[in-house]
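Shared between the two complexes below is chain A, which has chain B as its partner in the first and chain C in the second.
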Partner chain A sequence: MKRSLSLVIGCLVIALALTPCAWAKSKTIKIGINAPITGDIPKVGEGSKYAAQMWLEDVEAAGGLEVGGQKYKVELVIEDNEAKAESAVKANTKMITQDEVLAIVGPQSSKQAVPAGGVANDWATPMITPWSTNPDSTKDRPYVFRGCFLDPFQGPVVANFITEEFGAAKAAVLYDVASDYPKGLAEFFKIAWEKIHGPGSVVAFESFTTKDADFSSQLTKIIQSGAEVIFTPQYYNEVALIVQQAHELGWQKPIVGSDSWGSAETVNLCGPDCYGLFFSSHYAAAGATGSTKAFIDRYEKKYGYVPDDVAALTWDSLGIVQKAIESMGKMTGNIEKDRTAVRNALAKVKDFEGITGKMTFTEDGDPIKCAVIVKINDKGEFEFYKSVCP
Partner chain B sequence: MTNQQPEIQSNGPSKGGKGYFKAFRSYFSCVPMLGWLAGIIAAVLFERFLGDQISELLGLPKIPVLFGCMIMLKDFSLIPSALAFLVGVYFIPILLVGRALAPVFNGLAGMIYKISPMFSVVLHLALLYLALHLWADLSAYRLMTLKFTLVAVMLTLSLNVINGYMGEFSCSHPGFMALGAYAASVFTLVLFTNDRFFGEALLSPSMGVYFFPVAIILGGFAAALGALVIAIPSFRTRGDYLAIISLAFMFIVKSLIENLEVVGGPRGLGSQPNYASLPMVFGWTVLCIWVINNFVRSTLGKALNAVRDDESAADAMTVNTRRTKMVGFLFGAFWAGAAGGLFAHILRYVNPASFGLQRLAEILAMVYFGGLNSVHGSIVGAVSISLLGEALRPLELFKWIIIPLLLILVMIFRPTGLIAFKEFNVKQLVRPRN
Partner chain C sequence: MTVFFQSLVNALQWGSFYALIALGYSMVYGVLMLFNFAHGDVFMVGAYISFIVATALTALAAAGTIAIPGWVVLLLTIVCAMMLNAIVGIIIERVGYRPLREAPRASAAITGLMIGIILETGVLAIMGAQRAKFPSLIQSVTYDVGGVFITNKKIMIVLVSIVLMLALDQFVKKTKWGMAMRAMAFDYTVVPLMGVPANVIAALTFAIGSGLAASAGCLFGVAYPVLDPYMGIVFGWKAFVAAILGGRGSILGATLAGFLLGFIEIFVALIFPSTMRDFIAYSIILLILTFRPHGFFGEPHSARLRL
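Entry: the complex of A and B
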């Protein structure tokens, strides 16, 4: 026994000798990123992570963030939330209490952003969710903000656009009833459409369930209903199937989508079937100008593909956080006071020039910003068609 | 934290590394549970008062939360310091206090045991709670992880009743959990919260905490009712067919909630009141372990085993197989529902997507990793998979290679799980070791 004890003590001494002695704590600002790096939607997590790393490069090139005439180093704390609600809550708790981050960007999906926002608000830590469209994420939570427009805005935008562009009076909707985003948006579109064209003008309101791959019965119904346009607020994998099957069944009229179409995968999967279709989005990659173009070119050069809207929205959210930190006056060193100062600065941000448009936060923490109508051109690129502002 | 010490008496030290290990084990085999708990409390107190200074001295940014795993995986140069912290703050105080005061604690444990074994168990539980409370008090992240781990223990145990003790392969646990989570959430939201789903609170919100156990029990009964619904049509089926029926039930529950606009549909239900404090969750977990442990050791529990091993033989031996299976199934579902109710109030948000195939895989992994037909095993499985999942967080994608790999290894070398087919004898556990 004595030998084993001496062995343990020996190990301990060696470990202590190897330890670098207490180094001075440097002044750094930590920003947390809560992203779904593994799980159902890894591409979303990857986009957020890459955008954040690009942002960090910029900040490091500038020598850090300047607050009250002093430069502070910035450190990113990237946590994986596995696309699960409880994991997002744990990740937020960890970043707030362990890593002591000043602000958090993420989580992206509403099912993680709603509970994680509750944690951030309870700990009085500012959080911006770039992509969540559920009103509950920010509702009654002064510390939680959002980087994108909401569905109650997007629904009418699409309804107005279709009315003006195609002159249609009868519309059909095809959506996933088991997923919160498509369902919410489908309902807002229906309300907006019936407001313009009168009750009953949505002639078919057809639904399916997540992971369905055959839509022929719903599409047949839609074709028979005499609809002049289909609105389908689905994700890229379903969009490709829906559009292809609609064309096979002889549908030649327009199909319109929402911001969930805005992934590079949409065109990869859908091919020429999707050329010429329209959808509403946060920004358009092809034909972009100024800082938007600079961002896209840099991202594409670095990671090999055109960034989708999640990356762009994450980039903008980080930009807003940066602006808020730089305008908050001075760092007190007391993390709680600093977080509140950042929150107050965020609430005061006016006309932030982001790559996805100008942003100003409302009292609820939701931004007022313009939507973009994108056309998929003959090369399969997302081309800017027009901009719709509130 | 659950320090289950094996009670192996070795025949004296032999040479070699294995010999050292054996000697080490036999040297500490005389320490009673009371001694280990005292050691853990001493270590946790040590960390509480001197942890900051020690971690600063070692160059660590903060006190390592989950035994230093996160720090080690994030920054390899900090591995020696994190290990030193682990050894210095946890291992040495626990072993030292446990071993040095072993005679004292043995005497004490004997005295308490003589008064009443029940009293001894309660005292041990109180000490365990104290240790967990002090440990979790240092960081909110620890607290959150601990609460989810305790809920995982409940879920794993309740599934073990069906899959392990009853020998049926049931896949409906996420469904039961969802029923419990929604029933408990609706109860607390309607009665004690002003929210946008159900409007004004019907009763004073200050009374809510006292009624929270009612909400959990209600959640349990909702799940048991759901279990009854599938138990009746699936009486005639066994094995794969029951698995398929129960899987279908899980999807039915999920779709049902997705289409119920009253409880938020796919958007989920949020802003549950913050009632699930650590004592509450700990209390429920202890109750769950106690009741299930008594259940499986009772005549009914033995009847469950008999039905599993040979249904017609059991029938011939006057076991009412139908009633036994029914009770076992409903009992397992009840605790899954209770765990779901707690889960909803810890997370303070529920949505149907949380109760899908991924959750099923998680619970099944915990059951089979820990061991079938064993209360020990379920505790070990749930705690180790939950803590591994948290501790390997910095590895991101590789975490999903390491954990399944571990599962495969366990299945190869111990096909029924780590600690399978073993009785959990609480009285044996709290007895003095001399």
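Entry: the complex of A and C
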């Protein structure tokens, strides 16, 4: 009796000791999702979660991820970061050390992505932040990538688009000198524009300060300067005032904006004055074609609303991770080695066809990708117009 | 040359707002010897009241309950907003300033700052942080006069402001109440002893100042249809500068200085880099005050000042 008991215990111990190997051999890949499910921006977390679940459905339908001729099952580990920096760090640490995820997608906002990226890089775990535009998220972090373009890239994109679309040679810029994002983007645009059209081709580089409501002097100067187009990388509240006042001062030429225009509020505040204008963005829901449209329709059918840019970028980030894993050749079973292999595969991804555009990563882990030019149509919807590449 | 005239038109509109708000500062100072630092926020409240009234009237008109053209709605909005904001002004005077009338002047000034914060956060709590879109009551029409673009809104704003300023001038000069206000301004201590009801005059002064601020708020909504709860702060400071520049307590001075401020801001931005606009504009005003410390129409310190 005593002997059989010790035999049973012995068997159990051996079985227990073998279990991790058994799991590894059962071929499961874990992907971590670090998203703000609760907190200030729950809609962002919801979009990330829904996009990830749709991706998982596809993978499961295909029988898992195929690495080196073998199918691996995929498991998603979704952690809530409460839209807080410290919770995002905690979530990353937990997923890396306890759940042993192979790669992490998220967090979304730069506020969480910058510190959480540090954790991922320290643990040598590949991470893609789909939505963070702050250069610091990926800077000097070989294991951290992002799914969206950066502001130093958006400037040239808009400059190229205006040159091709309107054939303009002289541009004016109107921006808020007291806010980092518009100021940075205005300067990137100026550099890009003068590269194409030569020094002095930005004929008016006018600024104002946050909370200003009257732009008549700046616009009068711009109109006098002979500019053929105005670029204004402002937020929706100023966009409405600038566009309206420009029209009242007799400006009939195009006004172009950046991804900060991409809020439903822009059209609410601006009204018909903004119809027919263009801005650069990550993605446009109305008028999308091909795989982008398929994604939107599927998402809308499943969850009841049109997905925003976060959901689309999360979808693409997961797609890139999938492509990287599938191109690895083989899984060693050693999580640290495999993570590094995924990282190297990610860095090698070329021309990934995403729904937000084609992507190739630079050395910093930032994608070279085409931006989408959105047209505000006559119904006030954001309509896909074309994609512009650097 | 067209640039000059264009900017002149722009400056007239911009200056109207400063003038209307500066009048409120100046009148309260003239009668009660205190600067109502909440006045910029009273302007903001006036803009929000106009927004609510205009939105309600537009909704009624759209539903077919009342069939009135946009300009009548606008006129009704201005009148309603002025009356409602006058009540707000009376409440502020009664709750905030009257208990402190005999307190040191610094206490009253601090009270103004606190009332300002209460108004900002109150509107924020009620209306939310998202920007309010002022309904477009009148269709904007742009006239091209020899290269100078003038909109019907601009004409309307400048005209309404001038009419209000003239009305105020006549009220203060011709009516018994106006006379009582002038008498209070002349001697705050003795005049109440002669049967002038000081509390009523104080409330009236606040009501008129707040009414003018509401008209400025409504016109502001027409010209710049994006409202937020903090829009009154910097605007209030600048109008305060205009009140000082015009000469404390002077109606004509506040009006002219308000317009002058508008002109300086617009033309400085036109000539110099726009980043330097406020830096240069307010340096110029500082320079003017150095040579005319009492403003254009202010009197040197005399016995009538209790500061």
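Quick notes on this structure:
Note that in this section the second predicted complex is superposed on the first by the 238 of 390 C-alpha atoms of A that agree within 3 Å, B and C clash if a C-alpha of one lies under 4 Å from a C-alpha of the other, contacts with A are read in each partner's own complex, and residues count from 1 in each chain.
One rule holds in what follows: contacts are C-beta pairs under 8 Å (C-beta built on N, C-alpha and C of every residue); 3 or more make two chains touch, one makes a residue touch a chain.
This one's a predicted model, so the numbers in the text were calculated from it and none came from an experiment.
By the touch criterion defined above, A:V177 lies against chain B and chain C together after alignment on the C-alpha atoms of chain A. With both structures placed on the common chain, the touch criterion links A:G380 to neither chain B nor chain C. Touch criterion not met for A:G287: it reaches neither chain B nor chain C. Look at A:P152: by the touch rule set out above, it reaches neither chain B nor chain C.
Within the superposed three-chain model, A:F208 lies in touch with chain C and out of touch with chain B [touch as defined at top]. In the superposition on chain A, A:A240 contacts chain C only, with no contact to chain B. Within the superposed three-chain model, A:T220 lies in touch with chain C and out of touch with chain B [touch as defined at top].
Of the two partner chains placed by the overlay, only chain C lies in contact with A:E248; chain B stays clear of it. Using the contact criterion defined above for the overlaid structures, shared-chain residue A:E265 touches chain C, although it does not reach chain B.
The residues of chain A shared by its contacts with chain B and with chain C are 177, 209. Across the complex, chain A is touched by residues 20, 23-24, 27, 56-59, 62, 65, 70, 77, 80-81, 83-84, 87-88, 91-92, 139-141, 144-145, 148, 254-255, 258-259, 265-268, 270-271, 343, 346-349, 351-354, 358, 390, 393, 396-397, 399-400 of chain B. Contacts from chain C toward chain A in the complex involve residues 3, 6-7, 10, 13-14, 130-131, 133, 136, 140, 142, 144, 149, 151, 153-154, 220, 224-226, 228, 230-231, 234, 265-267, 269-270, 273-275, 277-278.
Here chain A touches chain C in the complex through residues 177, 206-209, 211, 213-214, 216-218, 220-221, 224, 236-237, 240-241, 244, 247-250, 265, 268-269, 271, going by the rule given at the top.
Residue ranges on chain A touching chain B, taken from their complex, read 1, 3-4, 8, 11-12, 14-16, 18-23, 37-38, 79-80, 84-86, 89-91, 93-94, 96-98, 110-111, 114-115, 118, 123, 134, 136, 177-180, 183-184, 209.
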